[in-house]
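Below is one structure, written out as structure tokens, with a few remarks after it.
Lettered A, B, C, D and E in written order, each chain numbered from 1.
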């Protein structure tokens, strides 16, 4: 099966400053993809490409195997919906805003009415339908913007920090809605978030961005520091971590939580890195448990309930964290 | 000592719709106050009053004991800084934006330069100083807006969802900055947030809002349902909770986390409410531990390390949650 | 407009006097023709004829008219009526030209005394007359005292009044403005101040769409006894403005 | 102040007398300028939107030219069209000179740069997210134009009102192309010019007041229209 | 097309001959209209900002009146000021009639409603957060006005350009209050009117082209100014 999106050697710059520099990035269909990363790393810019608002300066952007260019992008735009980071509502009623995309698709009037009403009802903002868009609270604006995108029932939903301004109940609702879109409707979702937990829980794939580059893993275990080249070490403020020999430079190091191994005592193994720490947080998450360990740096590991029981580790207990040098990304 | 803010019988309506209806609300000086609540409950409207952007339709709004009115509010505005929910940057450079408030206060040019440069440096956005405000990412805009408010060194800082769009590192930084402003500089902060953990960790006082009314406690343990009046019970979807006799109606019930009592076995006590559950999350927070219990409804309790040790409870263990009927708020 | 129409270009002074308002209705009723009057400067009126945008022109600039006909733009000039130019000036006549009977002498004296003179400066009939008078006097006017304002007659009178200056004007416009200004007639009746009006049909050979029938009917009418009597009887402020040329 | 009180008195007489001649002149002014402005709005608003949304080489130059065209004196527009419509001119055969149609054409040319420029300014001052929002919702070119019109209605209404003021208050085009023919192409402004040249300043001023009254009523009507469309 | 080619040829001659007389006329046009527009901008932009930010009873009426004043025919402005400045009038003693000063005054009156209205429209179309941001930062009334001017500079520049176009292209005020006195108050537009009345249409048109050229240069200058101020 061809990928939904395929980006190869894509670069993008505003004025002179290079903002995106992506070697290879693929999004499979019927998946949820999360993108996290610090402010200004290029998340929004990437989503602008995925929503066909901008074209790469160089490189290839394919959608379902088809190269995107100025001649087809306005047509392709009708197959994706994009909720921008700071959504703009038009100076009309909430209902008219939600119906706008349907109007552009020349849906008949009563059909538009029905679908917008159902959507507003679903999102619990039916009472706002006839309110002017200028008279909404921050969270209400966000909900209307999401409704405006969802009502189009697009193949792909692109959401830039969709949960900002939403209260907890709404966040929960949208989380299940997004999962439902993937599971029951076969849709795909790409979203950004600064909340690593939401990104982790919700997505099939997490990508981290830094300075315009994509790294396929969560930002959870990210440390900044420098490479000590001839010793094959990475020095963060509190730890020295073994890294693969070929890596010569980089200022950030990331470890995927699933590659962390926990044990009550030091392990005799091929894993070059092993640190002792203390369990400072435990959290149930779907069928897994997220464990936070303070070992100079904070590590987050994800283990099963059985593993937890077998290990017999508890909140506050000392514990060892080990991982192979090949499990780290340096960039 | 007179309160910093005092609101008595304050009401505010947009057009016809009543949005604020506050019996009594006081903010003490040199404290951090958090306000949480669902979308559209009136948080922003309340902050607009506290920032002297609007006056109540009726009731009294006092600032340091002095009634606020149209003749003094523009003067009082110079003593508070307000970061709005969706901050607006002017179409000039970042530095000029940050210096704007100082310019309005007729600070000399070199003083403005120095203070804005220092502030941008503190917030890690010195490299953005000469960038045009229109060319920033979402989080960068938020940081500039916060810098623009902080550089004025106001007595009172009012922040509407200040952590939206910020990456995790920046959130952490601003959290410590806010604490520092209170502890070392004697300032006061009022902020809103949808993140109950941030609200809890950061503030001296948490208020919850619902439908324009203020309730002085966190939203963490909030359940919706209805009052069964003659039995003095509140029925949520999963539990029935004993409530004070005088309460006749209400659709929401809230329990302050600090009033929850945990035990390994049922307690013989005056506490009318006792439910059995299971520990599903543990999290270290400053000197305390936050415990989440699933007992039909989710309860969040806060206990000390010693209490945790004495009780000898662990992740996944069964546990009893008890509280007095007088510990609940119904509204 | 279903009715047949005759387009006439005329000078502002003719139209402004109000003569056409009484002269035309009998003609229009009799021939069921509507006369569309386009009142503009003399130069522009002749130009509109040249371009073929009107059927007939009714102006007072003998030399220009001559040239117009000779160039073949117009068929023939018919004298219709005349009145006269006058030189007006501030009360008391500070330049003392009122005693002179020759217009060019009067202008010469004006130039010598450096009294302010306002000129139309717009190549209109009046302006052309003024230039020929200066010519006769052998003077090339210029300097601070000579202001060419390039406007209509009324505006010139207003400016002259404001500045306490002299000006050459047709009598009709002066009579119309008499109440609004303090200027007085200082020189009149000199033969050189004669001001004849002619009507000319635009040449249908050059411009085939010219409404020849109506134009000829109009010329006949305006030179008929009926037309001429209306001209003679037309009065502004109790004074006769125009003297018919066909009837005595 | 005799001058002004007399002018006001004459204005009252004009309004109250309901003279058929005055009525014709007022009506000619109104319908010609309204038609010209409608024509200009229909052509120039879309043009302005397109110009400001597209980027193409020579755009700054085009904008500067459009700005410059706002300085077109009415007489020059009159002269230009005269050159086309005179019997000798390329369109002379149509016999359009000295008809209301010619005046409408002239005022259209006069008003178009104003409406076009102010449209460009309204679009450029709009929130840039308006454009991207339209794109993300899949708007076609036409649909996007309609959305812009509705979203920028305040600014566009100001453009139309400015254009209307220009059209109803101008005299050069009406004079050159209409010819100020009584009962046919005489408008309030050409009548004012005529009375002024006759020295009937008070009457001219009274006509001017009448013109402002008419403009006031038309603007009130436009305002109501705008408020309704909200 | 003889008419137009002749006009273009005459325009070239006008520009290339650098005739002192032509130069005087061009310069008179420029300095009078620029001074009038500066005066109008200085008075009407602040006024427009205040009007749109304050709410007071009668505001809709005031706005409608301001809109109406955009329809002021130039001749009517001329008549009004004439009534004041004529020797018999209340300000006659000043002897201002038929001077450049009177023309500047007249064009100021003419242009002010345009700039004021377009300012109101620019402020009303601005993001409402601009106002609240100023307030939260503690801006005084004056400071806020300055911020609005800088923030809305695009729209305000459009207002000024429209006003300049109106001023340099108008003829009624220049004619009535300036008197078209050669070498003193003759502007390009009054010269055009004069040549037109003489029937020298080609020369008039050539002058019109010259006027547009001048306006083009001035607008280019304004643009550069605006870009610099960014």
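Heads up, the rule we're going with is that contacts are C-beta pairs under 8 Å (C-beta built on N, C-alpha and C of every residue); 3 or more make two chains touch, one makes a residue touch a chain.
Computed from a predicted structure; not experimentally measured.
Engineer: Hey, what chains does subunit B share as contacts with subunit C?
Structural biologist: Shared contacts of subunit B and subunit C: E.
Engineer: I need the chain pair with the most C-beta contacts, please.
Structural biologist: By number of C-beta pairs in contact, the leading chain pair is D-E.
Engineer: Residue numbers at the subunit A-subunit B interface: does the shared fraction exceed half, giving same, or fall under half, giving different?
Structural biologist: same
Engineer: How many angstrom lie between the centres of subunit A and subunit B, each centre taken as the mean Cα position?
Structural biologist: Centre-to-centre distance between subunit A and subunit B: 27 Å.
Engineer: Would you mind pulling out the distance in Å between where the CA atoms of subunit A average out and where those of subunit C do?
Structural biologist: Measuring from centre to centre gives 88 Å for this pair.
Engineer: Provide the C-alpha centroid distance between subunit C and subunit D, rounded to the nearest whole angstrom.
Structural biologist: The answer is 35 Å.
Engineer: Could you pull out the residues of subunit D that touch at least 2 other chains?
Structural biologist: As it turns out, subunit D has residues touching two or more other chains at 86, 88, 127, 196, 201.
Engineer: Can you pull out the residues of subunit B that are in contact with at least two other chains?
Structural biologist: In subunit B, 86 touch at least two other chains.
Engineer: Where does subunit C touch two or more other chains at once, residue-wise?
Structural biologist: Only 152, 155, 158 qualify.
Engineer: If you go through all the chains, which pairs of them touch?
Structural biologist: Pairs of chains that touch one another: A-B, A-D, B-E, C-D, C-E, D-E.
Engineer: So in the complex, the part of subunit D that touches subunit E is made up of which residues?
Structural biologist: These residues of subunit D touch subunit E: 1, 3-4, 7, 60, 64-65, 67-76, 78-80, 82-83, 86, 88-90, 113-114, 117-118, 120-122, 124-127, 152, 154-155, 157-158, 161-162, 164-166, 168-172, 176, 188-189, 192-193, 196, 201, 204-205, 208, 211-212, 215-216, 219-220, 223.
Engineer: Of all residues in subunit E, which touch subunit B in the complex?
Structural biologist: 127, 129-130, 132-133, 135-140, 143, 147, 150-151
Engineer: Which of the residues in subunit E end up touching subunit C in this complex?
Structural biologist: Checking each residue of subunit E against subunit C gives 86-87, 97-98, 175-176, 179-182, 184, 186, 190-191, 193-194, 196-201.
Engineer: Where on subunit B does subunit A make contact in their complex?
Structural biologist: For subunit B paired with subunit A, touching residues are 14, 37-40, 43-44, 85-86, 135-140, 143, 160-161, 164-171, 194, 196, 219, 280-284, 289, 305, 308, 314-316.
Engineer: Could you list, by residue number, the parts of subunit C that touch subunit D in their complex?
Structural biologist: Going through subunit C, the ones touching subunit D are 1, 7, 12, 16, 36-39, 51-53, 152, 154-155, 157-158, 176-177, 180, 207, 209.
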